[in-house]
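Chain nomenclature is as follows: A, B, C, D, E, F, G and H, assigned in order of appearance, with residue numbering initiated at 1 for each chain independently.
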Amino acid sequence: MPVKGWIEVDELYCKGCELCVSACPKGVIALDMEHLTPKGYHPAQLIDDGCTGCGICAVVCPDAAIAVYREVIQKRKTSLSAGGTAP
Amino acid sequence: MTKQLLKGNEAFAEAAIRAGCEGFFGYPITPSTEFLEHMARRMPELGRAYVQAESEVAAINMVYGAACTGKRVMTASSSPGVSLMMEGISYIAGTEVPAVVVNIMRGGPGLGNIAPSQGDYNQMVKGGGHGDYFPIVLAPASVQEAVDQIALAFELAEKYRCMVHVVADGNMGQMMEPAELPPMRELPKDAPDWAVRGAKDRDPNILTSIYIDPVDEEITNIRLLKRWMEIEKNEVRYTEQNMEDAEFAVIGFGTSGRVASSAIKIARQEGIKVGLLRPITLAPFPKKRVEEISKQVQRILVVEMNTGMMLDDVQAIVQGRVPVEFYGRLGGITPLPDEILDEIHRVVKNTDKVNGNAREQWLSRLEKIVEGGKQ
Amino acid sequence: MKETSIVISGFGGQGTLFAGQVLAYAAMDNGFEVTWIPSYGPEMRGGTAHCTVIISDEAIGSPLVRKPDIVIALNLPSLDKYESLIPPNGVLVANSSLINRRTERQDLNSVFLPANEIAEKIGMARLANMVMVGAMVKLKPILTLENVKQSLDEHIPERHRKTLSMNFRAIEAGYSFVEKD
Amino acid sequence: MNIKAKTVYQRPESLTDATTHYCPGCTHGVAHRLVAEVIDEMGLREKSIGVAPVGCSVFAYNYFNMDFVEAAHGRAPAMATGIKRVLPKNTVFTYQGDGDLASIGIAEIMHAAARGENISVIFINNAIYGMTGGQMAPTTLPGMKTTSSPYGRDVELAGFPVKMAEILANMEGAGYIARRSLHDVKHIRKAKKAIRLAFETQERGLGFSMVELLSSCPTNWKLSAQKALDFIAEQMIPVFPLGDYKVNPELEN
Amino acid sequence: MTKQLLKGNEAFAEAAIRAGCEGFFGYPITPSTEFLEHMARRMPELGRAYVQAESEVAAINMVYGAACTGKRVMTASSSPGVSLMMEGISYIAGTEVPAVVVNIMRGGPGLGNIAPSQGDYNQMVKGGGHGDYFPIVLAPASVQEAVDQIALAFELAEKYRCMVHVVADGNMGQMMEPAELPPMRELPKDAPDWAVRGAKDRDPNILTSIYIDPVDEEITNIRLLKRWMEIEKNEVRYTEQNMEDAEFAVIGFGTSGRVASSAIKIARQEGIKVGLLRPITLAPFPKKRVEEISKQVQRILVVEMNTGMMLDDVQAIVQGRVPVEFYGRLGGITPLPDEILDEIHRVVKNTDKVNGNAREQWLSRLEKIVEGGKQ
Amino acid sequence: MNIKAKTVYQRPESLTDATTHYCPGCTHGVAHRLVAEVIDEMGLREKSIGVAPVGCSVFAYNYFNMDFVEAAHGRAPAMATGIKRVLPKNTVFTYQGDGDLASIGIAEIMHAAARGENISVIFINNAIYGMTGGQMAPTTLPGMKTTSSPYGRDVELAGFPVKMAEILANMEGAGYIARRSLHDVKHIRKAKKAIRLAFETQERGLGFSMVELLSSCPTNWKLSAQKALDFIAEQMIPVFPLGDYKVNPELEN
Amino acid sequence: MPVKGWIEVDELYCKGCELCVSACPKGVIALDMEHLTPKGYHPAQLIDDGCTGCGICAVVCPDAAIAVYREVIQKRKTSLSAGGTAP
Amino acid sequence: MKETSIVISGFGGQGTLFAGQVLAYAAMDNGFEVTWIPSYGPEMRGGTAHCTVIISDEAIGSPLVRKPDIVIALNLPSLDKYESLIPPNGVLVANSSLINRRTERQDLNSVFLPANEIAEKIGMARLANMVMVGAMVKLKPILTLENVKQSLDEHIPERHRKTLSMNFRAIEAGYSFVEKD
């Protein structure tokens, strides 16, 4: 069964640039056109499950707006900040 | 020719082209960048020289070289960029070749900010470069005036083979106003006899600022000083408003002078006998006129966008005949008419005949204003 | 007409500077003295952008004023900043599309109009600024509708000429909104 | 089988909580984040002194959570030299744009490298003067339109792009010189490794280090954030080949 | 400790080292080069920082960086080199970090020559850089005085977190005189709280000269100006000779003041009641004292090695109370005692009470001297 | 068989009659003569404009019989750019020392080359600051004692010699870049050929050209004139290899 | 029979650096220690015959103090300024 | 002693500056105020080099004078330049090795000595400057022969110490030349 992950987008930082949207291999991010951030942008959000917690979106985000989490099933330590070994 | 609505920097640049500028060398810096950008568009069209230099140091030295050919050449920049030009400006002055530098002043010192300021008065007027040299300094207060002064700048530079600075603040560079541009000056065919264009059928021309023997340098310094005294005789320029019957005078240049004129209009409507002197040549400074005024009025108010640099010059001339007071805003803040009107009201009421420390008194007033958060 | 000062303020990208230029051109073309001065800053997007236009039949002194006779506010921060500065009987044109409140001031000649919606109806959201200009001209006819349209026609940058009719319709829409209102 | 959440990624400690003034999608932000991550991972934050340039990153000191100074335009390497020479134990780095480093500041960067100054330089090559509104930089591509090359950069009059990594690799004093790109996740990861190597060069006293990062300026390129990244991949990399231009042998082991 | 016979530049450099200078960054230029050469010898011995920079632009920015660490650092140069430092100096002033710049002035403008001059007075005193900032300017007249003032310069720079310039002319840099050097100052262990040395166990320190919001820049400008007014109150320095009963005063700084003292010695022997005021701080200028003097004496003679830069400041203070006259030599020529004695004789005889144009009158006298080939 | 005298060699017309202020045996004089000979042979004297530096050759304008200007220290390439841009038909060249060109003026020379400025540069590398009395230059050899490197140039603190020919060869705008030596008759002849090629590069509009000439400073090296030439051959050439570093193909035919 | 040449040293320019002395393949130049030039140097002079007019001394002279002449026996044009083809 | 000014002038390379320093050291070591100031120029060989030394028991004002009390001329140009400036009863020490004339001035206390030849006899041509110093000390004993020798001993640069005795002999030679003369 696939690893399950999820992201949290901090609206304080997100500028709606959509780089995460096009970078996500699973295509599970989109801008939330419903509302604006305090800075007046449409923020990114997770729109579907299937997120593997691969961290790619966080790596490409120019505003360090994304935190990435993953369910831990086995013990092995993973670090997937940019530069860490990734799928 | 009819008026056009022009952005300051673009108007200045186009005016320079119309005045026969054959070489522009510059480096981008807010709030003067549109000047360079306009040159980047137009000069190649006209087959004239335009170079975006690697720095202001390079830019002024390109101007120095091009100026040695006897063609009309110039640069434009803003405060920090102009500081980098000080060595080159001193060389140009020492070599006695004509060149024009436009400084669209911004808030300083250091990187400061990009807002309008008049904090480079001393640098431009007293000579920010080393040694004894004497630039002419023009201070326009409207786009039209700037357009006219840029042509004048080239003429004066050529007439006296000296540096001419045109100093305006960010407001002037950024605002739009209707202005009429002069017709295109046709470019002169032949070179001045001192210019370097190749020693064909004549002895070589050498242009240098070295006089290794102090005796020769002293003679040169004397020549430059005498030329300057000529300039002081011939080239003083200023404008006035309501000075005829004025009992109070406001003195300010560029934008601060222009803002003051609004305040004076209102004051006049209130029946206050106040007038304006707006120096157009900061160097040579209108000393005689200021002296006359100091014998006519009861009190003088100097208005600047700096800590009172021209104030010192005014006080030196007034020599205590009447009290001189000061109002300035700093760091990129442009005073507004109501502030200056308040000052006029205060000055008019102030009967204290002793000439206090204008700067200290102003400073304590300004601190209150700043605490009050009034900009 | 003696001196009239206008401030047009909104987010960067809302076209406040261009709207001011349109008024400035119209003023010049109709023989007035005029100054246009922008807020300028480092090239950073977002933030607010505003300009001050002064129209007069005498030479203009200060290009800046503390209390603008007319304020065109395209967003809330602009309203918050300038509302209190307008002198009694001054003019306020506010964009209710982005402003979710009204003004307390009774002494103003004010109108709130949904400029974005109106512009979107015309088919060009970017033209909210022109809608506001149209409304202002109706509210305070220092310049006529025709003046503004003509000057726009004369001075619109070539690359935008194709949008000229759109611009006209936006201005007219703002104008007639006030008429009806 | 027990399941609990584990944090895969969060903001590095070496970044402050401030939101940046950078335009949406501008990869200055990515470069900041990578530098901050490296400083975190190497534990250098408390001894680091950064030197901000004049350029869009002029306010970098608001975003990095460490001691910072702000240099005059182009002079960051000289300022860093002054700091490093009196504080040799500290970690000193500059963060500079291409106008700052390759145009007005080329003398200072060349001689910092020539002296083998033990500092690290993060060089943001976005082929433009961002802060002042999109004028031509020494790195602007041939034919590229900018506000000061309105007809496209004419190599006859304005010359060819200046390739700083190649030039600085000539300096014996240079310990590590590399060029990387920030246009996609793969390259961002490579860029981070290079930044790490640059700081290691300094920590090991192996001399001058610079990482040139191809970076986007969506605003002045007048492209969307994503299209700007494509521009890097398609237009910039052919002119500015990626790779290591100088690697002190000691770094290999 | 006993006196040593020391060459000016070397004595200044050694004095800086004794005063705790931990970083020197410079570029060679005559007539200040021995300063750098001495540092090149001594600083490595002591394990302190010495860099021969690629240029004066780089040198001042290295000083800027090192100054941000709160250590005592400096540079030394001469006129053209100092012009290249103007941007950096303005940044240092705007960032409010302490730094010392020594200018061994030479003939200008431009490349000029390498002979002694005082032609950078305006540049150093009025601020040759952009924006409103206020450097302290010290002007020694002997090797011993210079040695003492260099330590003072560091103290003042630290006390007020400002730029301090020490200005001397080529004579001072090249001459040898016995002088006593201070003992080696032991280096302070800990840093001032504003310094950048790594944010360990404290919040980060940020040192910058940007205040992008004019409101903040204005507050900064006010802070700098108020600090300057403090300096004007506390730090005015000057020396005098025979002023007690003087009916005539000579005012001159540095070498020209020193040369004047010889002339005055002779004049006194002749029974002429003349005295000397030699400002040591050109900024802050001894205004009060000049004012007092202008109420004591019948006439004032200002002596400089430039076209009368300090003259303007003296006239501004004297405000016409008594005639102010001027004598200057230019282009690298040092006036000799007999010239100044001639001037004293002339001034004493001159009963004409109106205050003519001192500069123009001097210039016509000087031209005769130059034609007469007297150096 | 009739015998008459024929002049094999005499002073070139492009030199004035002035005696130089150079020290005995200083090869600045040789460089002057070669440039003058080339200008004579190419018939360029009447359209040439020279730019003198600040350095021992500061008075070059007294020795060359043509229009001349005197630049600020290091800024000759910028000044030459200003002249050439407004007088494109004239022949414009700079004559610069190594402190002037490689230290304070490195930004101006790099960017003149980057722009492909159509000027010729004669670069006198004597590994020292001659005029100011023998301080270290960027070209000073490792370990070499000067008045500002009294313990010998310490590469740890002062870096390695800067090799301008190699560096400038990276510039696409450069048409001809070469290094020659003036230490003996054979090399002097080669040097002249290179100088000729530099001026031809300019006349043919092929961009920036520079000839770096290894030159002696007997006075500050504290060697006899002949020993100074030996020093070039034995000490300098190994560090500054002679040769062509960039030759625009068009020059070959 | 060898080409016959000779040189003239202009004392105005000669600084007695001796570079020509060591460069002359025929060793026929030396400094004239008997007298000083106006600038106070011992000038170079031809001390012997055997000069071939090869021009080498002129090529190495930093002060362009040497003029070189040669008897012309056959017509062929020779130019031996530096860079010209030399023996 | 009130102020005494000395100018030492000659070709570059004749050691005029060092000779002046020797006198300056001697003056300082013997409790006088003293200034030494050189002519300095770009590093170009040849030309003349001179320095001015002022010795006094009061603080010294100007380090430069127009009319030096004592002139030591090592070559003809120096004599031509300073001869006329020396005040009546002043001192002139001239190097006849390089000066092929005498002075017209009767009002001077003057000596012409072949310093080069004397120095060469001692075996070190470079020491002509010291010969001149010795002669001056004899002619105008503001400092004693011993003073000068002691100070030379104390301050001679290490790298020249081996030549110290030579220097002494040169000074003495100059001194005794005047004695005999």
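Assume contacts are C-beta pairs under 8 Å (C-beta built on N, C-alpha and C of every residue); 3 or more make two chains touch, one makes a residue touch a chain.
Keep in mind that this is a model prediction, so the values were computed, not measured.
Shared contacts of chain A and chain G, meaning chains that touch the two of them, come down to nothing at all.
Chain centres were defined as the mean of their Cα atoms; on that basis the chain farthest from chain G turns out to be C.
Summarising the inter-chain contacts, the pair of chains with the most C-beta pairs in contact is B-E.
If you average the CA atoms of chain A and of chain F, the two centres end up 59 Å from each other.
Chain A and chain B have CA centres that are 55 Å apart.
Centroids built from CA atoms put chain D at 42 Å from chain C. Within chain A, contacts with two or more other chains are made by residues 39. Multi-chain contact residues of chain F, defined as those touching 2 or more other chains: 22-24, 58, 70, 72, 103-104, 106-107, 110-111, 115, 132-133, 138, 157-158. Chain contacts: chain E has residues 30, 51, 54-55, 57, 80, 87, 91, 95, 110-111, 114, 208-210, 212 touching two or more partner chains.
Contact residues on chain E toward chain H in their complex (touch as defined above): 3, 5, 30-31, 114, 170-171, 174-178, 258-263, 265, 334, 336-338.
Taken in their complex, chain F has these residues touching chain E: 54, 58, 70, 72-74, 99, 103-104, 106, 129, 132-133, 135-136, 138, 147-151, 154, 157-158. Interface residues of chain C, counted against chain B in their complex, comprise 21, 24-25, 28, 33-38, 40-42, 60-67, 155. Looking at the complex, you find that chain A touches chain D at residues 5, 12-13, 15-19, 22-23, 39, 41, 53, 55-56, 58-64, 66-73, 78-83, 86. On chain F, the positions that touch chain D within their shared complex are 103-104, 106-107, 110-111, 114-116, 138, 155-160, 162-163, 166-167, 170-173.
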